[in-house]
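Note that subunit A is present in both complexes that follow, paired respectively with subunit B and with subunit C.
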Partner chain A sequence: MNKLTARVDRERLLLALAAPVLAVVAALVVTALVILATGKNPFEAFNDMLSYGSASDSQIYILNKATTYYLAGVAVAIGFRMNLFNIGVDGQYRIAAFFAAVVGGALHLPGPLQIVVIILVAMVVGAMWSGIAGILKTSRGVSEVISTIMLNSIATAVIAYLLQPGKLGQLDDAGTLVSTKNLPKSSWFFTFDAGPAGELWGFIVIAVLVGIAYWFVLGRTRFGFDLRTVGQSESAAEASGVGVKKMVVTSMVISGAVAGLVGMPTLLNDSHAFSNDFPLGVGFTGIAIALLGRNNPVGIAIASLLWGYLERTTGHLELIGYDKEILGVIQGVIVLCVVIAYELVRRFGLRRQQQRVGAELAAQAAAATDEKLEVAR
Partner chain B sequence: MPRPPVTSAGPVKGVRTPFTGPAPCPAGAGTIAAPALTKCQLYARSGELTQGWHPPAVVWGRHRTHPLPTPPYLQGECAINASSPPSPQGPPGTPGAPTPAAAARAAAPAVELRGITKRFPGVVANSDIDITVRKGTVHALCGENGAGKSTLMKILYGMQKPDEGTITIDGTAVSLGSPADAIARGIGMVHQHFMLADNLTVLENVALGSEKLYGIGGRARAKIRELSDAYGLNVRPDVLVEELGVADRQRVEILKVLYRGARTLILDEPTAVLVPQEVDALFDNLRGLKSEGLTVIFISHKLGEVLSVADEITVIRRGTTVGTADPRTTTSRQLAELMVGSELPSPETRESTVTDTPALTVNGLRLTATDSDGVVREVLDGIDFTIHQGEVLGIAGVEGNGQAELVEAVMGMRTPDSGRIVLADEDISTAPTRKRRESGIGYIPEDRHRHGLLLEAPLWENRILGHVTETPNSRRGLLDGRAARLDTERIIEEYDVRTPGIEVTAASLSGGNQQKLIVGREMSHHPKLLIAAHPTRGVDVGAQAQIWDQIRQARHEGLAVLLISADLDELIGLSDTLRVMYRGRLVADADPATITPEELGSAMTGAASGHLDHEAPGIPAQAAPEGGDDA
Partner chain C sequence: MRRVTKVAASGIASAALALSLAACGSTSEQKAQDDSSSGSAKAGGVKVGVAYDVGGRGDHSFNDSAARGIDKAEKQFGGSVKELTAKTTDTEADRLDRLSQLAEAGYNPVVGIGYAYANSMKEAAQKYPNTTFGIVDSSVDAKNVDSIVFTEEQSSYLGGVAAALKTKTNQVGFIGGVDVPLIKKFQAGYEQGVHDTNPKIKVDVQYLSHGSDTSGFASPDKGQAAAQGMLDKGADVIFAAAGSSGSGSIEAVHGKKGAWAIGVDSDQYQQASLAQYKTSILTSVVKNVDVGVFDLVKSIHDKKPLTGTNTYSLAKNGVSLTTSGGYIDDIKAKIDAAQQKIVDGKVKVKTTP
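Right after this comes the complex of A and B.
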């Protein structure tokens, strides 16, 4: 009995890995075909990606990028686990980073305290922004997909309005960039010095902690069980005593709070101010990463590293005469394949398990009794 | 068990005069070895009680716009069942002689399955199935859930291809690649769940997808009328489907299949949604089809029904045909033994364990809901009842009369407009669902897939579901996976959940085993009140007996049970007190010791109310509807 259970488990693990691996392989094949179609050699390109990606400065760059992406992926994954599609991570992190930068630029607290305040402001603003969508959903039945997309646009407009010289923004010396006031140097986040390879952002530590917290809360607590229950079956959750509406708002708020962290590595480790060239669209990247990582804390980490790697290496391809749009092709195909592959693998896995259970029970029954012969007329 | 000769199954064709034909119900025969009453016998008994009983075609027909001629066969059918001499109801062992016509027909069976084997990777769903369905008969396919009936019917309907074996239709070997092939060969399927568009008329529903046959206008309407009259279906083409009751919808489904030219109809568990009177009417319809030369394959695991309507029975167990039974010489016990290798369980509990201590008191419960047209309807009105410790309160009613809402109101999943709900001494009227569960309400939901399980989660997580705050599942906010797993092992052991382990998903278990897991889970927290909504629906006979035993056992230990069921035998057998729900009100009560399913059924259709008294046999029960005599 144990044997079969173990086998089922191993098979499940294999199936779980099969989908993302298949998706990435499919993406590489499609990319190779695209490059071939443009009359160039795909293997040369892949070769360059490999060698350039393994350079030490590339690795630091990838890790720094992945820190941001990981937080975005987790923020989206919290919604996914609850069967909520928080497309609004993008607006949430931007508006959160903006207000955090404004507050950080205005305060002069002792360094560590100020960092905590900045991070908290970001989380609270992100949480409030997504909370609007949560409340609209529970009180008015507005789909969170619609409301969060709209809130993204509203966030863009609010930031554009406030980030003007004379309001909360200031023009830089060159006269080309509007930004918030710089954070005082004491409230910059620490970095790991990696010598000539560059600096590794210290916020990666926070990202790891967030990942651990995500795993622990969802997998090991009552609250996490309730949340997953709602995600798997809203009706069963309601019958089991979970307040579904409250859970929708709560999880939106938590997702938004984590989304608030997405801008922090950039703000605290890199730009130290919110300007109109602050990274855009990371929230959408987070959706792809959460999908690819199967909402699993380790999977999301691998997916964000892959995303960082692809960005870094395809950027270099341009220098040796390839089109930089290759990046979009690879990422797009991965996302498409991943969505299809997961659904196929999920259905296959369920059916397979049903059959295995059936076979196992049939074997047990056959062993237990020989009466079949007797009754077969 | 030896297979009775095929030719013995009785005069079937040739009996052209409608409906005086064979009604092979063993009821009248006094020779049956006195087991507990089966459904079939109960029906027959009531046939004597309420001769000329009206099929609910009439009861339901409140929207009718055309006068409904009552086909002759609808009258006195049960009387024929009970007494007509030529019908094959002789004592066991004296099968009726086949008429020449039947013998001729037998030469080319409507459907012949030989050696059908269907393997899914790792499991054999069907192996070596042999079935011969003669033309113009009702052939029942009988077996527990999971025995392989559905797979077999999917093969016959072209939804799946067999790995081995041959399908012969009307003497021609065929290969069915899709349902369209099957339909072209004259095989039609009436699914268990109706596939009708509510907002279209009957005509539109019937013509939908077959517009090429008779168009969508007058020709189609004429055809529907013609079929309806020919088979006594009483289908009115221009009524909106949403205005129809369940039984009428089923007739529309049957007509849909006939419209497409089917000569062999497969009916998958057709009686699951019907009250006894509707079942009788359906069986009359089936006999009508039969007498017009059509063939019916009737899938069921309700033995009494099978015995009362079938001309021949094939029993399937564990994917293979284990025997063919002649309904005239077989008792339901024998059939059950053939099906499961054990005796048919009985839900009877007679020794009373009712105490004076109220476990649940509901007072003046009222719930309104706004329907899609914006009209406020009363879903529950003036509901008052008390369940004492050790008491099973059964609620009978046609589905959709407020039972589901009542359960959800007691569970806290719906907020009533007014009313008080008291569990033991605790007023839980406003408590959230989780609080109510923690206070001691166990819940076996009506739809276990929607409300009772996380299908894609492992069994041990399903064991936590609904009791996440209680030991052994968690401590101080943290899940205790180890303890929950151990306790799941215990439940699987104690409640005989057949599974290879606790890490498999709930979806991979059969319905009966899923239900046993739910029952085990709810019982493990020693509830004061158990709400059991259709606890044995879709559950095989073996699991059914266990679930009944567990409810009985818990009742003995002082559990109060609110039992909702569509299975009237189960209701009558398990309950200490019976109430009937009709249009959101508790309209009648009855003593389960004396009431019959028919008497209960009449109250369920709103025809009787108050206290239902059982009258002596021979006199129509007082509670039986006056409506039973008109039209």
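Right after this comes the complex of A and C.
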């Protein structure tokens, strides 16, 4: 019996790996065709991506980018696990980063304490913003897809209103860039100095901790079990005594709190202020990454590293004469392929399972008839 | 079982990452140097590196006006041009990276189009002291940076004077693409121009989008709706500083007899795509981004790199009011007088409304 589970597990692992590998290979083929169609050599392009992507400064860049993307992916995945589509991560992280920057610029606490305050403010603001969608869903039945999209626009408008010279913003000398007050140097997050390769953002530590917490809470606690149960079947969860409404609001709030962290690597490690050129649209990247990583903490990490890698290397492709749209093509094709590949692999796995169960049943039946025959004899 | 595989997988992944990090010790710069020592550098001409703002070449607006200057320089001086384009998800690190890549590859000058490059250019200029950088719409305090800034408020002031002299209903409109400080300069100048000419005129102001939502620069439908609303409320001269959304506004104005539109950035009377509405285009508030960019490339070609803040003002013809169509010929004397006052410094135009 033990042997059997081992085999099944190995097969499951293989199947789980097959889908993303299939998707990436398919994406490579499609991308190669697209580059060929533009009259350029795809192998030279891939070769450049490999060599440029493996440079040490590229790796630092990729890890820094992946830190942000990982947090975005986890924020989205928390919703996904519960069958909630939190499209609002984008608005949540921006409004969270904005208020965190405002608070951080205004306070002058001792360094570490201030960093904790900034991060907490971001998490609370993100949680409140997504909590609105959660409450709307449970109290009035508003689909979270609609409400979070709308909250994204509202977040943009709120930031635009407050980030004005004379309100919470200040103009630079040239009179074109508005930003919040710079964070005092003491509340910048630590970085790992990697010499000529650049600086690795210290926030990657927090991202790893968030990943571990995500894995532990969802996979190893009663709460996580309840959450996944609600995601799989609301009525079954309700019947077994799980408060579905409470779970919806709670998971929305947690998703928003993690979303609040998304802007933190940029704010605390890079820009040190929120200005009108703060990165936009990372929440949507998070959706692609959560899909790609199948909501699995390790999968999301790999997906976000892949995303960072693609952005870094295609940026260099643009420099050596390829079209800048290549990045969008590769990313789009990968996401599409992943969705298709998982479905294919799932069906294949299902068929395999049915065949095996069928074979086992047939064997049992055969054994039973053998026995009967023996008894009869 | 599953837990073990998961832990093992994550362990292997992180180990592999650390290994590759250690193994590939060389940075991309060192790799690039290895490559370039084997390849031959192209001789002759100016190698211009351009980092566009979001949208890039082909946005029919701000980026394109810079591209015009680049094209002109390329035609005149030969050499090569490399263009990179920003993404909306860009961080400071991305922008710095873009400028560094260009400088690293030997492009000189490296021009950043748009104020978003301000902070990253400060760092890049330090990193590459032998490269001349250029930035449009912002100023960077470094020895090797040419800050190309425009006095949009001055030309907008003249637009305001023209509007005030042409309105019959004593009500004019201003449509801004996005409520960023840059566009507010246009608003401030326009309002001041109108009120200095005739304090009784009412100026309707509307912005098409806000903050980080930059759709207002590229939504002709929004421009049209906003202009229609103002026309319905009685305004009869409308100035739209809204990128390509402005074409929608011009279209709406064309639908009302006796109403005038004021164009922006380039001479919109001459634009082929707006030819059917040109009889409604009173004048355009021009901002010669192409001149600023061209000047920078030319200075490198002449081996006398421009640096410091170069203000393209009304006095230097960096911004101006066009006269194509001849619709403002009758009020030319008054506009010239206003222009003279600004050039002489008798009138100070505000940059914030």
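Everything that follows uses one rule, which is that the second predicted complex is superposed on the first by the 364 of 377 C-alpha atoms of A that agree within 3 Å, B and C clash if a C-alpha of one lies under 4 Å from a C-alpha of the other, contacts with A are read in each partner's own complex, and residues count from 1 in each chain.
In this text, a contact is a pair of C-beta atoms (placed from the backbone, for glycine too) under 8 Å apart; a residue touches a chain by one contact, two chains touch by 3 or more.
The structure presented is a predicted model; accordingly, all values stated were derived computationally and were not measured.
Of the two partner chains placed by the overlay, neither subunit B nor subunit C lies in contact with A:343. Judged by the touch definition given at the top, the superposed model places A:285 against subunit C, while subunit B stays out of reach.
Once the two complexes are laid over each other on the shared chain, residue contacts for A:172 go to subunit C alone; subunit B is not touched.
Contact with subunit C, but none with subunit B, is seen for A:59 once the two complexes are overlaid on the shared chain.
Of the two partner chains, subunit B is the only one that A:360 touches; subunit C does not reach it. Comparing which residues of subunit A touch subunit B with which touch subunit C, the overlap comprises 5, 9. Listed in rising order, the residues of subunit B touching subunit A in the complex are 1-3, 120-124, 317-318, 320, 322-324, 338, 341, 411-413, 432-438, 443, 445, 450-457, 461, 464-469, 474, 477-479, 481, 498-505, 507-509. For subunit A in complex with subunit B, the residues that touch the partner chain are 1-2, 4-5, 8-9, 219-226, 228-229, 232-233, 235-236, 238-243, 346, 350, 352-362, 364-365, 371-372, 375-377. Of all the residues in subunit C, the ones that touch subunit A in their complex are 1-2, 5-6, 9-10, 13, 17, 20-21, 24-31, 56, 82, 84-85, 88-94, 97-98, 101-102, 105, 115-116, 118-119, 137-139, 141, 147, 149, 179-182, 185, 210-213, 351-352.
Within the complex formed with subunit C, the subunit A residues making contact are 5-6, 9, 13, 51-52, 54-59, 61, 64, 68, 94, 153, 156-157, 159-161, 163-165, 171-178, 196-197, 266, 270-271, 276-282, 285, 298, 301-302, 305, 315-316, 318-319, 324.
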